[in-house]
Amino acid sequence: MKRWLLRRLAQAGITLAIAMVLLFVLMRLAPGDPLSRLGENRPLSPAETEALRVRYGLDQPLLAQFGVFLRGAARGDLGTSIEYGRPVSALVRERLPATILLGGAVLLLNFTIGIWLGVRQAVRRDSVLDRWLTTVSLAGYAMPSFWLGLVLAWLVGVKWRLLPAAGMQDPLLGPDADWGARGADVLRHLVLPALTLSIVSIAATMRYQRTAMLEALALPYVTTARAKGVRESLVRWRHAWRNALFPVLTLFGLWLPVLVTGSVFVESVFAWPGLGSLAAGAVGYRDYPLLMGTSLLISALVVAASLLTDLAYAFLDPRVRLS
Amino acid sequence: MTRVLDVENLRVSFPDAGGRRFYPVDGVSFRLDRGKTLAIVGESGCGKSLTSLALLRLIPPPGRIDEGSRIRLEDTDLLALKSEDLRQVRGRRIGMIFQDPMTSLNPVFTVGNQIAEGILAHLPVSKTQARDRALQLLQEVGMPDAPARLDAYPHQLSGGMRQRVMIAIALAAEPDILVADEPTTALDVTVQAQILEVLDQLRARRGMAVLLITHDLGIVAGRADRVAVMYAGQFVEEASTSDLFALPSHPYTQGLFASVPRISGPVQRLAPIPGTVPPAAAWPSGCRFRPRCPKAFEKSHTEPPMLPVGPGHTMRCWLAEE
Amino acid sequence: MTPVGEALHRAWHTPRGRVSAGILVAIGLVGLFGPPYLPDPLAQPDILAGANLPPGPSHPFGTDQLSRDVLARVVTGARVSLAVAVLAVGLSMTLGAAVGLVAGYWGGGVDAVLMRLVDGALAVPRLFVLLLVLALWERIPVIALIVLIGATGWFGTSRLVRGEVLRLREEAYVSAAEALGARRRRIIFRHLLPNAMGPLLVAATLGVGDVILLEAGLSFLGLGVQPPAPSWGGMVFDARAVLVTAPWAGIFPGLAITLTVLAANLFGDALRDAVDARGR
């Protein structure tokens, strides 16, 4: 187990390294000049442009730039944002909690509602509920998240005025509002963006869990458990679902990139101050340090999530744990 | 002789691609007596596994047990039971051993855990008591070094050991009837004999009725009291083991015996039964063995009932009348 | 019949397969042949009086804030979305199949290096890769967009094909061919590729749905297909400003996206069942 663990960690490290190289190469190969945008509002003299070029290190050869980039990343320095003029790492740190809150809410909903519905579907295969849920989930999965967000924002936020449709906090909430009021306010703002992302992701989780559960229910050891006279609820959850969990765990590892991608759109639509909207805004400004920094961080998160999933898998399956 | 199980005209149906139902088990009747072993012998596709699953109503959907079937466990009608009562029968009155112990055991729980689960499902004992009982059962089925094996996972045991675990699980709640579906098929030849020996001793010691499902005539001799030969969803011959081996009467049974390679005696070509087993969705009309039978004649076009051949010996063949 | 033809045939003969294939074909046909029968999607006939009109007899989907006919724009947008999706996916499938075949068949060091690269590439979410490149590439021509999307979508496919190759390699007929001295290329193209085509086709169909969503998202962010050429995502973006007064300008393009992706996913599902059934 220990050897496997070390090997897996090394693998994760290599993957991350390759991701970094790819990102860097991508940035430098793309046509267009990061600095050309800056000259739009106020024309820059050649001297100023050159000074900026030196400041952002764009005059160095490619390999040297990569070296600078690597050293900086190791230190936690991801460069300076062109749009904000502040360190990228600071910006990322500021916006990360909001994304984690949103992502956490969505994952929670996925792992409770999504799993429960998927199991329900498998157990009542081909029933009215099963068919209906399948249709609904297929439709949900096909919807563009930004469009769904806008529709919900319009209906619930504007037309019916039930929930706030933008931002994370009410700007009018006084500075002396207590934690409870603040927390409740954030939660109210969280509902719509979380709902939007969840509708799309739960659709997929449900389908995946349904398939995994159907396969698990057909396994011979489930029949053995029934033949023993074990209660049906125990058969379902203790035997079948326990083993239907594995594919869903794998799904979790794959899910992070999807969640992150969705959050770019959803955060933009709802002006949720997280990493997604940060990245979306950076695009317009051609703020490549910011984009690089966020991409790097997210890649690291994806690699970490995949690693955690494998660890969980190994921990839960005695066949791996004891080898 | 105390009869514990009575099966009458058992039929199991499945829907085919077009939705019509076909019958892989088509009118099977037998009884099980305390302390005796009945063996059902047949090739794959004859419906013997489904027969055993039907006893515990474990037929996988969309299959179902047909209306006209009757299964009586002493004085209980098994087919009329509601789910909770059925659950009380499973494991507690009828225990079942499945064919492949590797896939029939849950890989994420220890074997002790899985045996204890069978106990706790029916007997009002504490977890510690269940664990002790599980250890006793492991010892009873002849598991070497039982205390150490109690906390092992299935993948850590050999095939023979896993099958012993399956037997222990089947016995956990002290059933009166043991159904063994091909208990030795997945095992090496040397281990097969050991497992059969274990089953035999348990039967004698506990006075259980045993239903042994197999495709191997060889393991039937000396182990079963009575034998039923199954073909195309029906019994085609039924007799005591000694009678069947002395006088195999149905052409299919004769074909089975003839096709067994013999170590002793002159070297001969193997004599397989010509043709192949018909698919359950398309049983032949009339006598189902007719297309492959060397003794088929005009009357074979009518489906024969079970006819007597001798005392306690019947076969499904018009030749019985000659 | 080839394995692929067989799978398609079987998928077509399910209600799910027929409906979804029908929808896709209908959308394609409308996109291809519809525009001449509809108003000019770029025309802004009457910004003052004709803007933000609700759906009615003359404008079945209403008009947007520049008085352009929404139906015409949705139909023209279909052309772009479908073309980009199909071509990009075609590129991804080709690249993925090539890499997967090489990695799976050659094995050893080649396989290890290729798969490590794929792992690294998969760690970066596709959207971010596109954002990075597109942020610097203003006014990207559609062809380049297609190549870019296609070039970022082959990693998963290569893994899939590699898996199939590894599985098929063990099949008896491959060792038989090798024993007979068949050249590697022949083995790949005659034996391995046709059998890997089934799952590849499923991945391609589902990939079309993914790319439509991706391209719409990019257009929504202002990247991708540039205005004034209509694109579904871009239309939703424009509609943001008038969401309250003219919701139809945003609703219909979104519905179009949903319907197309739904049909692609349904057909991909039906195909997957058909391919699985054959393998069993």
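In order of appearance the chains are A, B and C, and numbering begins at 1 in each one.
In this text, contacts are C-beta pairs under 8 Å (C-beta built on N, C-alpha and C of every residue); 3 or more make two chains touch, one makes a residue touch a chain.
Remember, predicted model here, so these are calculated numbers, not experimental data.
If every chain is reduced to the average of its C-alpha atoms, which one ends up farthest from chain A?
With centres defined by C-alpha atoms, farthest from chain A sits B.
Name the chain pair with more contacting C-beta pairs, choosing from A-C and A-B.
Of A-C and A-B, it is A-C that has more C-beta pairs in contact.
Would you kindly tell me how far, in whole Å, the mean C-alpha position of chain B lies from that of chain A?
53
Counting in whole Å, what is the centre-to-centre distance of chain A and chain C, each centre being its mean C-alpha position?
Going by mean C-alpha positions, chain A sits 22 Å from chain C.
Spell out the residues on chain B that touch chain A in their complex, using ranges where they run on.
53, 56, 58, 60, 83, 87-92, 95-96, 98, 100, 103-108, 117-118, 121-122, 153, 155-156, 166, 169-170, 172-173
What residues of chain A sit close enough to touch chain C in their complex?
Spelled out, the residues of chain A in touch with chain C are 11, 14-19, 21-23, 26-27, 30-34, 138-139, 141-148, 150-151, 153-154, 158, 257-258, 260-261, 264-265, 268, 279-280, 282-284, 286-288, 291-292, 294-295, 298-299, 302-303, 306.
Considering only the defined contacts, which chain A positions touch chain B in the complex?
Within the complex, chain A contacts chain B at residues 218-221, 223-232, 239, 242-243, 316-319, 322.
In the complex formed with chain A, which residues of chain C make contact?
By the definition above, chain C touches chain A via 116-117, 119-129, 131-138, 209, 213, 216-217, 220-223, 233, 236, 239-240, 243-244, 247, 250-251, 253-254, 257-259, 261-262, 265-266.
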